[in-house]
């Protein structure tokens, strides 16, 4: 991986593919609270799809539905042509959906490296007895995955904190490590929940670059929740807007920017 | 099946359950206030009871004077625990605090026997532990009047504490503390003072439990073991609920007695040691936070 | 800004942090002598990259550091002319200094309203006064009102952030330490939050020390700013001066000579230029 | 001058501290008395205590630490079944004789298999047999036991189950119904057990309890209106600690004992020579002559007598090795005349040991609590069916020998 | 200045993944092992071997087991002694009933039995968390001991429910002296510690820690909660089971079920908390602390010539106070103190 080389990036071409994930008429409520009401939208291969909306609109809940943390009461999820009523976490992970969380959900007691290695767990095959003996295949496997993890560490420029327990890291770095953990799974779809919260502009720029590179380089499809409109408008291909659990807009950044409902509900007049 | 015998077992169980609840309440208080599972509660019960009879024996004071003296001792103990043990451990993981209370238990046990000696004492409360004549004569059901009184005391305590927790801002503050020490400090809840008060109150509750249990079993080291009887009550009722302690106590008491009498003989008896735990465990499978406990929030 | 008292002579610092040094876990040196002042009735912004030590500075001031195994090994903190680094957080809140912690820290099992009510713990208020304070917070954050009976643990990230800010306001402090208030908040609410800050500042003369990543907004509202890097203050000055400083523009505002650049057009990772280290 | 070193892995904290302090207090008091009187033919006794907390692991450490000290320990008494088990093999290897007064393995009475273990005076099996004998006598003859109901209320552990073979065999033999009711340790709650007992309406309740279980049993019996006179406890349920804790409820309660309560010249001497000089081991003088204290005194007497016996064979005024003391323990004969000389006539049954019989007696008494103190209610020592228990001893020790590959033989 | 890793660069991930990446540490560990295995059996007194080192190692093994469950997988358990009991009584029965079975195989089988019991009692952990689970694990403790006293077959119908561990013989070689027993225990414990270290630094270990730190996130990443938790219960119980068997065979000899009581469970728990939750080294340090401290205090109290009842109670109080003291100084246990000490040494003589 040589993403640090700008030339490599100029050459890459982004090709938006067919719909890979289609959400149809999703409704989700908790007791009396309606978090999502009849929401449908789709995600195409290779695209960067943003979800925006005011606080409590149901954005995070949407991601939770996509990867099976929440089970919607209604609706259909079609992922790679397969219909399902809902996902379950394990199946989602297995089929290539990885994510980051709004309230950082790193494993606090583990080092950065270990956290990133956990992202590769689904790719590890040797059983626990072999691992206990740590000989032969288990050892080779561990080293091979360690290499991948190190590539990600290099990519995210967090070499220096490799062996630091994540609990000690400042907020912004934790966000980056979490991205690393998701990337380690080499996902097909990457769900990012406010990856740039708590970062300054410079760090956001870096993060954007990471996201764009992942998208370019691996063709990873990205679903992104972000409150920084600058970021959303600059890097996403299409944007869904939610408000009070309802979809109020969907389209290219420019379309959304012009949508009066969206302006009223979310963007305000200053944008 | 003999119906009156069944009722006798049931009532006996319910009343024992009240006695368990008495100890469980002490746990609840501490858990509510700090999210700490206070392993030293049993030791505190022992310490309180022993101090009370110790004062009576050594200084020849009557019971009604020994009790306030012991209350004072328990308050001092509560303050000391806060200052020396809890304050430096603010915001530490629960397991660390739990462990500290184990150290505390050793300390208190050693202290109690160091000060008051190792021998067993008797403790006579003004109310005798004999069957209520009326019930025995008319229904052939034996219910000890002592137990009835204990139930009354327990009821009053539950009522009082529930009121404090539900009607005052301290109650709310306690729940806040149990959720997040740091944030509680940040909003200005005087954690230290609250803890000190709560431990002192838990000490007084321990004294009540110690007096009742001590009158029943003798004041001896084994009083520390009754904590083991209170645990299933606690998990069944929920760690954070005072009414839960009493409801849990009744359920555990009744079912353990019924099980020992009706199932015990089939398997060789002595099942009271584990039966309440297994029962509570099965119950938790349905409600992982106990009957009235706060639901554990697992969300990302 | 409080124009009535504004004179040319610098007002005595309301809060002053003198040369503090902080070590975590006995070995990790995080602050290497940080000094800063907040004059009464001013808004001071604390800027810096991830890990610069902003949160640590705020926690040192509010003495919440102890709970995280951090030690202040040098320096002192003064609030209203009194040394406060040995006080408990409770005493500080009573003296009028409140902190909104980074990462929300709501009481998950309490409802939103109960969360807000705990905020008023240090004040003994009548029912009516309490209601009034609550209404004020609900007025600032209407979203909270609709969720007032939900357990905070089940509300959305932004709602929790609002709850945390609202909770601090309930104590009616005269000085607020705000740690990343805009994090996870929708843009127009961010504006509103800063509006509230300005409002409290000018109407009730509340002073603010805010650690903020959204430099653009922060400098717009602040009077004064400090830039922290690797546990040291590397630059300080009036907000307007900082905003026009070329380096600050480049690193913190994302603007180069030609104005704002699109995020998509960033083709290079930043080779961080630093004042120090 | 050389001293005879003995090891006391004692416990003075924790749940059993009251018993431990009384028992070891008695032993130490007696050693002090012996030393004050010039020792055993001039050889003073030297002892060391080590806190075990009644915990096997710590007990073993104590034993290992003390066994080589001061030229080697020549006797040990852990007063804890768990610790006794833990050092059972070790004492044989190290040649340190261990006494287990009234507890531990009953089959250790067979000295051919357990050369270094001495369950002196009486074992659980003989006690159980004696209990039935007593109950038979009380009912007017063993044949009167037919059709009677006896409840065995026991501590649900190895300890409580130990007498079952004896009781079961006797129940078959004499035709009484044996109802076994277990109490889950520690036994601080027994309502259900006593309701069951009330339901069964037994003629007697044998209380095979330990620690808090005893006082709770007595109390709960009272709560359920069961007469205490019909309760017969083991000797671990027959001390002041058990009855005082139960308060008035204990009045009339009976238990077994192998010490006759009362005052003895040796105790008077103790007060004069030891306590008057401030060297008494008990912190409360009221406990002098209490059950545990007297049991400790008895142990002290047996130990000194064993050493004395050994000296007679191996040289008076010399320090005996563990092996030599073992011989002494195996060849003791404390008859009534000797007891008189010791000022302890009747305090414990006469003891005569041999290689076949490490127990040396098997006789016990029954005592009753009158609300203030214990009184013996059997004038003579009660002995049960020793043929039966002997058979069990043989069988069980043979099994142990087989498992351990030991060839049974008397040590020289 | 003498504890520096300067100049030691890792050229491969393999080298970096070593158990002890710093050369000094490796040398020190090997030296310790060599001394423990070669010198100690010859030099140490039988007392040290049989009353200190053997229980120290056995408890360390049990603590290791508990640490896997509690420290790594985050499931607080108060039933450790029960698993030890299962291991001991099962091994006893294997040796008794299968003539000629190799002793070590019997230990392993005993451990496997414990693992199965562990899995059974681990099932509730899928729903129950925290102290609720901890209190529930007491069910294991009481139930297992109850079974052992009730089911005569398990104790070969010995009248009192006591078992006598058979002679330890491997390939005709009898392990009957303290030194021999010690060597056997040491080898078993060292091997199992190595395996445990391997486990916790590979994917299984990470899955445990992930579940411990945040189980919802672990699930999202693709760890299966049920499998992970049950595996932790199984492995942990296996370790405890083997430790229990060693406790019976190499230490106690004759054992009643009561020897595996709640008290023992708590002692093991102290060990991991004092030593360091989630650290292999911590299990050893904790075990040393809990085994040695009472002995040390006891000897100290003797030296002061206090009346024994005072001394004993003071001992207990000091023990309790020291636990609290250590927790305040370092909540993460001795292992962390050790680490901090090393970090300080690395910086020495410059303060920072």
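Some observations on this one:
Going in written order, the chains are labelled A, B, C, D and E, and every chain counts its residues from 1.
FYI, a contact is a pair of C-beta atoms (placed from the backbone, for glycine too) under 8 Å apart; a residue touches a chain by one contact, two chains touch by 3 or more.
Remember, predicted model here, so these are calculated numbers, not experimental data.
Chains that count as touching both chain A and chain D, per the definition above, are B, E. Contacts with chain A and chain C are shared by B, E.
Compared on C-beta pairs in contact, D-E and C-E come out with D-E as the pair having more. Using mean Cα coordinates as chain centres, the one most removed from chain B is A. Computed from the mean C-alpha positions, the centre of chain B lies at a distance of 36 Å from the centre of chain D.
One finds 41 Å separating the Cα centroids of chain A and chain E. Note: centroid distance chain B to chain E, computed from Cα atoms, is 32 Å. Spacing of chain A relative to chain B, judged by their CA centroids, is 49 angstrom.
For chain E, residues that reach two or more other chains under the stated contact definition are 142, 146, 149, 214, 216-217, 220, 309, 313, 315-316, 331. Shared interface positions of chain A, defined as residues touching 2 or more other chains, are 69, 101-103, 105.
Each of the following residues of chain D touches two or more other chains: 12-14, 17, 21, 156, 184-185, 283.
Contacts between chains, counted with the stated touch criterion, involve the pairs A-B, A-C, A-E, B-C, B-D, B-E, C-E, D-E. By the touch criterion given at the top, residues 331, 340, 343-344, 347, 352 of chain E touch chain C in their complex. Residue ranges on chain C touching chain B, taken from their complex, read 62, 64, 66-68, 88-90, 92-94, 98-101, 105-110, 114-115, 117-119, 121-122, 151, 153-154, 167-168, 170-171.
Across the complex, chain A meets chain B through its residues 64, 69, 101-103, 105.
Across the complex, chain D is touched by residues 2, 5, 8-9, 12-13, 15-16, 19, 109-110, 113, 117-124, 129-131, 136, 142, 144, 146-147, 213, 215-222, 224-226, 229, 256-257, 260-261, 264-265, 268-274 of chain B. Chain A makes touch with chain E in their complex at residues 67-69, 89-90, 92-94, 98-99, 101, 105-110, 114, 117-119, 121-122, 124, 126, 128, 131-134, 138-139, 142-143, 146-147, 150, 181, 185.
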